[in-house]
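Two complexes follow with subunit A in common, the first pairing it with subunit B and the second with subunit C.
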Partner chain A sequence: MTPKACKITLDQWNKQYELLCSSGIKQPDYGGTLGRHFEDGDTRLRTLQFDNSAAALRLWNFLLTENERLHKARANGKKIVGTMKDLGTIPVMVYALQNAIAFYPDGAWWTPCIMETNEGLFKITDSLGIDESFCPVRAMLGAFLNEEHFPVADILICSTGAVCDDFSAIAQRLESLGFKINWWEMPHRRKADKNQDSINLPGGFSTPATQIEFVKSELENIRSLLETLTGEKLTDQKLIKVIAKANVVRGLLAELRHIVFTAQINPLPALEMLIAEMLAIHFCSDIGETILVLQDLLKEAKLRIANKEGVSNKNAAKIFWVNPVADLKAMNLLEECGGRVCGTDYLFTHALDTIPTDIAPMEALAQMALADGMAGSSFDRAERICQDIEKFGSEAIIISRIPGASHCAIEGTIIADIVKQRLRIPTLEIEIPTLSDGLQQPIKNRIEALIEVVLQRRQK
Partner chain B sequence: MICAGIDAGSRAIKIALIDADNSTIIATDVTDQGVAQENLAKNLFENILKKNSISRKEIGAVIATGYGRNAISFADKTITEITCHAAGVKHFIPDVRAIIDIGGQDSKLIRLNENGCIEDFAMNDRCAAGTGCFLEMVSKKLSLTLHLLGAVAKESKKPASISSMCVVFAETEIVGLMAEQRSPADIVCGVQNAIASRILSMAGRNMPTEIIFTGGVAMINGMDTAIQKTFERPVKISPQPQMTGAIGAAILAIKHYKTTSN
Partner chain C sequence: MISTDKNTVIYCDPFIPPEWIAAHGLRPLRVAPNISENAAIGVCPYARAFTNEINFQKNVCAAIFATTCDQMRRSSDIAIKNSILPIFLMNVPTVWQRKSATELYAAEIERLSRFLTQFDAQRPTNAKLAEVMIDFENKRQTQLAKQKPTDKIPLAIIGSHLLKQDHIIFDIVQKYGGCIAIDATTDGGRTLPGKFDRTQLIKNPVKELVSAYFETIPDVFQRPNDRLYDWFKKKLNETYVRGILFHHYIWCDKWHAEFGRICDKEFTSLPVLDISAGDNDKNTKSCLTTRIQAFMEMLE
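Up next, the complex of A and B:
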């Protein structure tokens, strides 16, 4: 049984779950009701609107059971690797190994949002001198200390340099508390000088060959660390195999994004699409299952498009959304206001690009790392955003700021200016705090105004 | 047929009635905002009808705008202040290209293209530093009434330098300036300049040559001059600046009425 596409509350999901079960859906071992995830008081999920498909249920259950998966992996003797400030490079290396599993501690930044009652994380970080002037990713620090959201990793690997100042500061605080961190450095991506060899990167950027060599040497250090940890050789052959698998994930996401963003009627909600995209950078601790989850979503989206059904009005304003939101409710809000997401840049667009397979694997991974939007200039990022806006036919852009995040403080304005100049579409910069309840009205007001402007422009 | 626009702002509720046949403004009125927002708006609506001997049946459509617009259940439709202010200013100044609206709680900058269509807009984010709230705070601190601020600011010899980033920090700065015995004129003028700076930072580049200033704060003397100096371009106050949103809502109510009654 395929239910008609719509968004439903967590309470409505209980009924929907019964219907799906009676229709005989097959569920993975982490399946079950969505409701069980708030039985411990995480009432925040009650305020969200979810997609009603079995594919969405699988996605949410996959996301919300990562902690259990990690503990299970440890019990089975696997080594747990915490890959911090890493948008899709080290996890690929880790999954080449039989005996290791990677996770993304930074993902804890959504914990206070998803788990409203669990404000304890911010209290812990406040007490450690990392207050709200820092990015909400500081929640990770509390999660390391209370050990309620992920197990302590066997090894922590963190990039620093041209990535995020806030994150480096928070990670250094973590290290000062006795959590050993293995750092690797990301240089600021630049164009080659006249006398230097220039290498083209995925995403349309370029960099001097020397920068590739440098990042490759940093990744070689990580390769040695992982080999020592697991006692297993991390060969190029193993890397080639895992890169192919990672490219399956990226390919599925590329297809999903394309069909969802360009469909006449939006087949999947912005919230589920955001969660799905996030899988590209860390695979939610299971790369194989990530592929199955994405295949289900893609199948559902295709079915809905074929049936001409979806979750937004067909006249919904097409919005390009920049930066992930700390409060997931914002994605629901856009659709409530009459918009739909048609294009995104959640700070990791490079992790959606195919990893080159015609060069040595470590070279390919170094290229991918350097293609990171955050490692280059804001101008580069804006250029790519402009290309994607044109590709998806977005009618306006929302640039959501993350409070306290140093990589976003002025970048939003730079991107807005470039998009306005190049494409002459309306832009909106908004700040979305971790719990935006008190600011829902002003945020809604701004989004509604943007959508009115889009609709007026269609008439002229 | 007559159409009505109601602008439920953070400090005041404004209403305008417009003749749908010739777009002339029949009447406007204003009352303070309060807790029972819908009742206040309803009373304002009923009173303006009564004062002008108009029956409810003669009203073709009502459009509500402003931050409290969703509380007005008797409105036929709600539209944001951005669209309503643009429509209101265009009613008086058809070739307007840039509007600054400063209200009690927020400030907006609206750019329109050559066809009078909104091209882009910006609004203050979380801080009230670029809004009328800043002026209310300084008037309380200096024990001055709001309408006197302009006259006081005019006497300033050397405007104080005040942070434009945060009203709460600015309040501390003002306490410090008062302790230094800086004149109220210099403090008020400094606050007006800080508000203008905040709006400038919101505006970014490519501002049109002339700016139309609207919203309740436009009625405070000296604010137009502060904006003019900061933006380095002419600033004209829109006719009936406090009413612009309500007038725009009434104009859009005419369109709504004509579309839905056909």
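Up next, the complex of A and C:
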């Protein structure tokens, strides 16, 4: 049974679940109703609108059972690697090993949203002087201390240098509280000087060859650390194999993004697409299952496109969305206002690009790390956004600011100015707090105004 | 090569060696910027002020930013966009325990040299550089020798850069019976380079410069930043102080996050006063005065 595409509430999902079960749907071992996550404390789910497909159910269940997966891995004797900040590179190295599993403690930044702050993580960080002037990623610090949201990692590996100050400062505070961190340097990416060899990176940026050499040497240190931790040799052959697998994930996402963002009728909601993109960062602790989850989503999207059905009005304004939202509900809000997401830069575009396979694997990974949009200038990031806007035909851009984040205030203005000048499309900056309910009306008003402008421009 | 009668290179970061600029025949100008209007939510007042300041100093041919904080790194983009000056962004590594980090810093020093040679400047010979380094070091020593002990209540101040207006903190402390015995702000004694090894200076002055700056100066942005705490602890042990002022700007995450650690009784039993500074707030000065006055009364 394939229900007609629409968005449904959590209560509706519980009923839909029974229908799916009676139709004989096969579920993975982490499957079940979405309602059980609500019962476990993920109360924000009650306020969200979900896609009604079995593929979306699988996606949500996969996401919301990661903690169980990590504990299970530990019980099975695997080493747990906490990778922090780089968003996409170190996990590829970890998954090359038989006996290790990687996750991002950074992901705890969504916990206060999902649990509507009932879990008390911000209270813990407040007590350490890490208050609301910091990005919501401060929740990570609380999660380390109360040990309720992820297991204590066997090793922590964190990128530093050209990263946001919030994260770096919070990670340093964490280390001062006794959590040993292995830091690796991400230099500020720049263009090569006249006398230097310039290397083109995946995603379109370029950098001097010397910077790649430097990052490669940093990654070699990490290779040694991982080998010592697991007692297993991390050979180039193993890396080549895992890169191929990571590229399957990235390829599926590239196809999914392309067909969803360019479809006449939006086949999948922005919220599920955001979560699907997130899987690329560390595969939600299971690379094989990530591939299956994405294949299901892709199949569903293709079916809906073929049937000319979707989850948004066919006239929905095509919006390019910049930065992840602290409150997942914002993605629903855009669609409620008459928009759809057609293009994204959620701060990890480098985790979506194909990893080069025609060069040595460590060099390829160094290139991927340097391709991080956050590691270079805001002009670089704006340039890539402009290219993607043209590729997906987005009609406007929303730059969502992350409360307190060190990069947003300056970078947002630069990106907006460049997009306006280059493409002459409407731009909007909004700040999305962890729980946006109190600000929902003003946020909605601003998005609606943007969408009205987009629709008017179509008639001119 | 850009021919110009302007020969001043403006900067504010302690990891940019003025000796290096001076040895190229240019005038290094490290500024404490004036606070700028048009506060913006989320933007560090100091980063905004410095970005603004570079356009108002006379005879400036270039400005140098550093990557030591994210806001300053990104402010260099604003400067590139809004200023007519050539801008150099120097990559200062945050890790410091590996040789590769020192080499990266040294490479940046060389890149800075190539940048400076645009302005009727020449890369210095080793002899010239050594001469300039000795001259700068002598001036620093003379300056330090002028500081005399007083009978006032000694305090330490630790934290970020200071805007020109914020130097009033020193006056307020003095007015209420105190003195700053340890200046561990980014503009104070903490960020002075290490003493040059005269033998090494002759052999390889660039290497000595790198060592005195990158390998010596303790700062909050370094990962890990233990060097900062080791330095401060040593200073607190050497110098009798009765209390600590902790200064940071609103939106400065790197310093702000350290307040809890500085206050921690495992680090010090001394009282710590948070004198965080906001944007161009008219109440800031009176609030600051009252807080410092109360702190001094408590210490009397």
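The working rule: the second predicted complex is superposed on the first by the 457 of 460 C-alpha atoms of A that agree within 3 Å, B and C clash if a C-alpha of one lies under 4 Å from a C-alpha of the other, contacts with A are read in each partner's own complex, and residues count from 1 in each chain.
Keep in mind that, in the parts below, a residue touches a chain if its C-beta (ideal position, glycine included) is under 8 Å from a C-beta of that chain, and two chains touch if they have at least 3 such contacts.
Since the structure is predicted, the reported quantities are computational estimates derived from the model, not experimental observations.
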| item | value |
| --- | --- |
| Contacts of A:Glu411 with subunit B and subunit C, given as first, second, both or neither | second |
| Touched partner set for A:Ile25, first subunit B, second subunit C, both or neither | neither |
| Per-residue contact with subunit A, leading partner among subunit C and subunit B | C |
| First, second, both or neither for A:Ile8, with subunit B first and subunit C second | neither |
| Partner chain(s) touched by A:Ile430 [first = subunit B, second = subunit C, both, neither] | first |
| Partner chain in contact with A:Leu292 - subunit B first, subunit C second, else both or neither | neither |
| First, second, both or neither for A:Gln441, with subunit B first and subunit C second | first |
| Set of subunit A residues, in rising order, touched by both subunit B and subunit C | 401, 417 |
| Residues on subunit B engaged by subunit A in the complex (per definition of touch) | 67, 79-83, 106, 115, 117-123, 125-126, 204-206 |
| Subunit C residues within the subunit A interface of the complex | 40-43, 67, 69-71, 73-78, 80-81, 89, 91, 93-95, 98, 100-101, 104, 107, 111, 114, 221, 223-225, 250-254, 256-261, 263 |
| Interface residues, subunit A side, partner subunit C - complex | 128-130, 133-134, 158, 160-166, 168-170, 172-173, 175-176, 181, 183-185, 187-188, 190, 193, 195, 210, 214, 217-218, 221, 377-379, 401, 404-411, 414, 417 |
| Contact set on subunit A toward subunit B in their complex | 401, 413, 416-417, 420-421, 424, 426-431, 439, 441-442, 445-446, 448-450, 452-453, 456-457, 460 |
